[in-house]
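You will see two complexes here that share subunit A, one where it goes with subunit B and one where it goes with subunit C.
The block that comes next holds the complex of A and B.
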């Protein structure tokens, strides 16, 4: 089933490139092993045959639209649309980018695909350590979907169904819909039973704890942060070139004018001590209010395994509760802080 | 120890909006309203100018509490500024609570230019609350340095 879908996807991309309607297309290619993939920019017809679409395709491609604004993937005078392959959970990110005028809808050609869950590399590594997967599986196996099952075709030609819970990303276990809401071309069937936004309930147990316990928890999380900025670099709402919480991106040096130094304070040092990390992670979480689509790419890319999704889910939950606003719902919504109402909550103010 | 507590005077940063609260503080002064001298006033053009970044930075750099004051809803000099501030801090206060860095150390208030007495009361109440909490610990750089030295580095 999946191999015909992949052929269909490759053909659709190849045809658009051949017809000259696209300046390129974003897809995935096989990574260092069967469970990993990396983003691929398809520019020529020949490139399209390297494209894959399998449970190994866990990275979101949406961030590369921001990268395309900064470092265009084709000469700037080329105004043709850019193709992008979207799964069901990626459409919120694209909707946010359209809302924030990072991309216009007509600048994009969206290939919708039917995704049934992608693997979490951390979980795969655990299985490897326990011996439930072998390095042979990684090097010579292939992953595919069979309806909702994740199937590993091993080197000796056997088929093995993997347990969804022990290999898939947590966000895939609460998937709200297999195909995106916005698309130009749909590869396969459109998912008619989309459930709306994903359910967020795993923060409630943390919310119920006492202030002390919560600080204990977050202290242990924040102090592990090494401030590599991977979470920011993969993020679909962190599109600022000059980041307020990253001194390295600020155009201020010893030789800058006093005026510039005064007008652009350095908010935070480069150390990775607890206070600075708290400052960094809280500010980033807060900047996602009404913008974070909880795609959980930060959580996936964090090399220290911080539970960043618990922060983002909290902000998302509060924004929904307080203002009935959700990021990535529709391109017709205004920005969260751009609209305000008389009856907004204000009981915390004296 | 008890003596130390008695001598403890909290440091509080107060961001006051130019059009209402700063004038309100001025009125409190000219009308000789008594209030504790623990606040350090920073005048800003609007309460919406104060990003949560400012609040965190103040706490990080040694303030024990942060007070943010602006015009009453509907009285904003820039029409919608305090609406935006109210939305922002509704989210931010919840986030502070969730993470567990004393949301008690942050207070927002609406004080108009004619409310000198209210300004005095807001400051007195807030200073009393922060004094009860004691010096802030949770964003102390020196503390985590000490921890790092004790632990022999990480």
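The block that comes next holds the complex of A and C.
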């Protein structure tokens, strides 16, 4: 995003805040180095000047709509809409949340932005290790887009174009469109050439393997899980207040009585041994069928490097094949579990 | 730099594989190993699995000294529930190439599990049988800040041996008796170091701290002021960026909280201790439904306060952070511990 675009975004948010039409707005601020960013809740005109939008803006903000339901960002009597900055890939999550009545469309004011790809920190780490980026770049560099190029403005005032493949999140390399389909204000130009959901074929090699080989692969992945629940807590479909497959938060709500909590069965151990991990990760994947929008935030977030996106892509592929449904495609259909059609396949049930 | 009691030897690169094989004979060996896309300290069954040039291991030594899942006792209902304690085996566990910060972290686990009136027999047995062979950090990682929390990229604290990578191999410094037992058994693989090698290692050690990219503010000055910042708006500001996962606490080498549950299947059961995290709502939920830490801000505050205020007030001088940087680097939302400390420091300074 050019500096004029950023100024435009800041101005749009500032004006809404000033006019009192929003109770707050979700954007990003610069993070712990040039390649990182973190969420920023803008409540005042002054807050807006810290807002950024650049290739460093990797975290999705959509999760914070669920967070707002659980830990309200403003007093409950404040019914004004919440502003949120959305990139092209983020609208899928918001569409599903609207369909599942987690948020109403009118509760949101969406600032659409034109995103040309965001950074994968693990890839940046590799470049640092190889000496292709330096500490100086982290501390004093600035990232920006120039059309589709990722440009690093270095400390000594030079401009360097970074290779997209070696620095961007994999999901950005198969981007379906730069701007969101739902928005109230568009900063810059709307992407009229949205390609539709990206075709993902990297699960085919896994599908070709035998059941035993696949089982072995997943057991090896699942054995690394430390059950930090980052995949669930970052997830845009994990909106349950009490998670049935997590013994640590099943009693999250103060609305449940002590008796309820004591008598609730623990479906799954809180240890991180293989059987519990398998139960946790597979149940979560199935719970996401028709709801997971493959934003791949779980994959970005997992500290143990589990291939969670393969699991989700597989479920997504099967849902599409069986029900011709894709989470986040449109506000006009679904949700998957809320609709039943005569032609729905049923053979796998028996 | 080198203390008088310790001895210096040189391990030539070509003897490294033999050294690792020998360590595997002398005990259960843990070393940096590729685990999918990450690197972690894992049991080594094949010496070629040991990574020679490796990233920061995802977890510290905590996972070895206080495993995430530890079966405390087992029972069989048919036998009338006589519980059998399952203390860990007394075999020697050698950790090769742990980082000095991760070794320092054991000081704070020891505060809680070992050097305390409530010494934990499970931890104690693992701890006493642990031999730590550190690898000093000639090139600290991007988020490291050990130098400003009482550590150093070549800190010897809790290490039995310390290795410094020099041209052609490693300078091996034996620090403790436990370390001596190991170096005596691998003598044939070691050489007397040349004066040049010693000088090279000393230079590397002296220059390492200057390569640390990040610094914490004056933490020992801060810990006394922090209790007055309990109600600071800083907690809310950072808390609302948090998603409440357990990454920061589970990857922290000095965190130790756990929970104990019983699991029974077909009359056979076990009692298991598994890690818990102050970042989870259930951690402090009372039976009544009241939760004294009801939101993310109060839970984030607990994590920071425990490291920098409560622990040093219980164990004077012990700031329970070793500056490994994992909590910040791996935070999905980039919640920056040093930025929080910086803001607290500034706010504390104003009040004073």
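In this text, the second predicted complex is superposed on the first by the 330 of 350 C-alpha atoms of A that agree within 3 Å, B and C clash if a C-alpha of one lies under 4 Å from a C-alpha of the other, contacts with A are read in each partner's own complex, and residues count from 1 in each chain.
Following the convention adopted for this analysis, a contact is a pair of C-beta atoms (placed from the backbone, for glycine too) under 8 Å apart; a residue touches a chain by one contact, two chains touch by 3 or more.
Keep in mind that this is a model prediction, so the values were computed, not measured.
After overlaying the two complexes on the shared chain, residue contacts for A:345 are found with subunit B alone; subunit C is out of touch. Contacts of A:106 after superposition on the shared chain: neither subunit B nor subunit C is touched. In the superposition on chain A, contact of A:233 is made with subunit C only, not with subunit B.
Counted by residues of subunit A touched, the larger count belongs to C, out of subunit B and subunit C.
Applying the stated contact rule after C-alpha superposition, one finds that A:77 touches neither subunit B nor subunit C.
Looking at the shared chain after the overlay, A:207 reaches subunit B, while subunit C stays out of its contact range. Of the two partner chains placed by the overlay, only subunit C lies in contact with A:306; subunit B stays clear of it.
Applying the stated contact rule after C-alpha superposition, one finds that A:337 touches subunit B and leaves subunit C untouched.
Contacts of A:147 after superposition: neither subunit B nor subunit C is touched.
Look at A:241: by the touch rule set out above, it reaches neither subunit B nor subunit C.
Once both structures are placed on chain A, subunit A residues 273 are touched by subunit B and, in the other complex, by subunit C.
Those residues of subunit C whose C-beta lies close enough to touch subunit A in the complex are 35-38, 55, 58-59, 68-69, 142-143, 213, 240-241, 243-247, 250-251, 259, 261, 263, 272, 274-277, 280-283, 285, 287-291, 294-296, 328-330, 332-336, 338-339.
Interface of subunit A with subunit B (complex): residues 203, 206-207, 211-218, 223, 244-245, 267, 273-276, 278-279, 282-283, 285-286, 289, 311, 314-315, 318-319, 322-323, 336-337, 340-342, 344-346, 348-350. Subunit A makes touch with subunit C in their complex at residues 31-33, 36-41, 59, 63, 67, 71, 73, 121-122, 125, 128-129, 135, 138-139, 220-221, 224, 226-230, 232-234, 247-252, 254, 256-258, 261-262, 266, 269-273, 297, 300-301, 303-307. Residues 52-53, 56-57, 60, 73, 80, 83-84, 86-102, 107-110, 122, 125, 138-141, 144-145, 148, 154 of subunit B are the ones touching subunit A in the complex.
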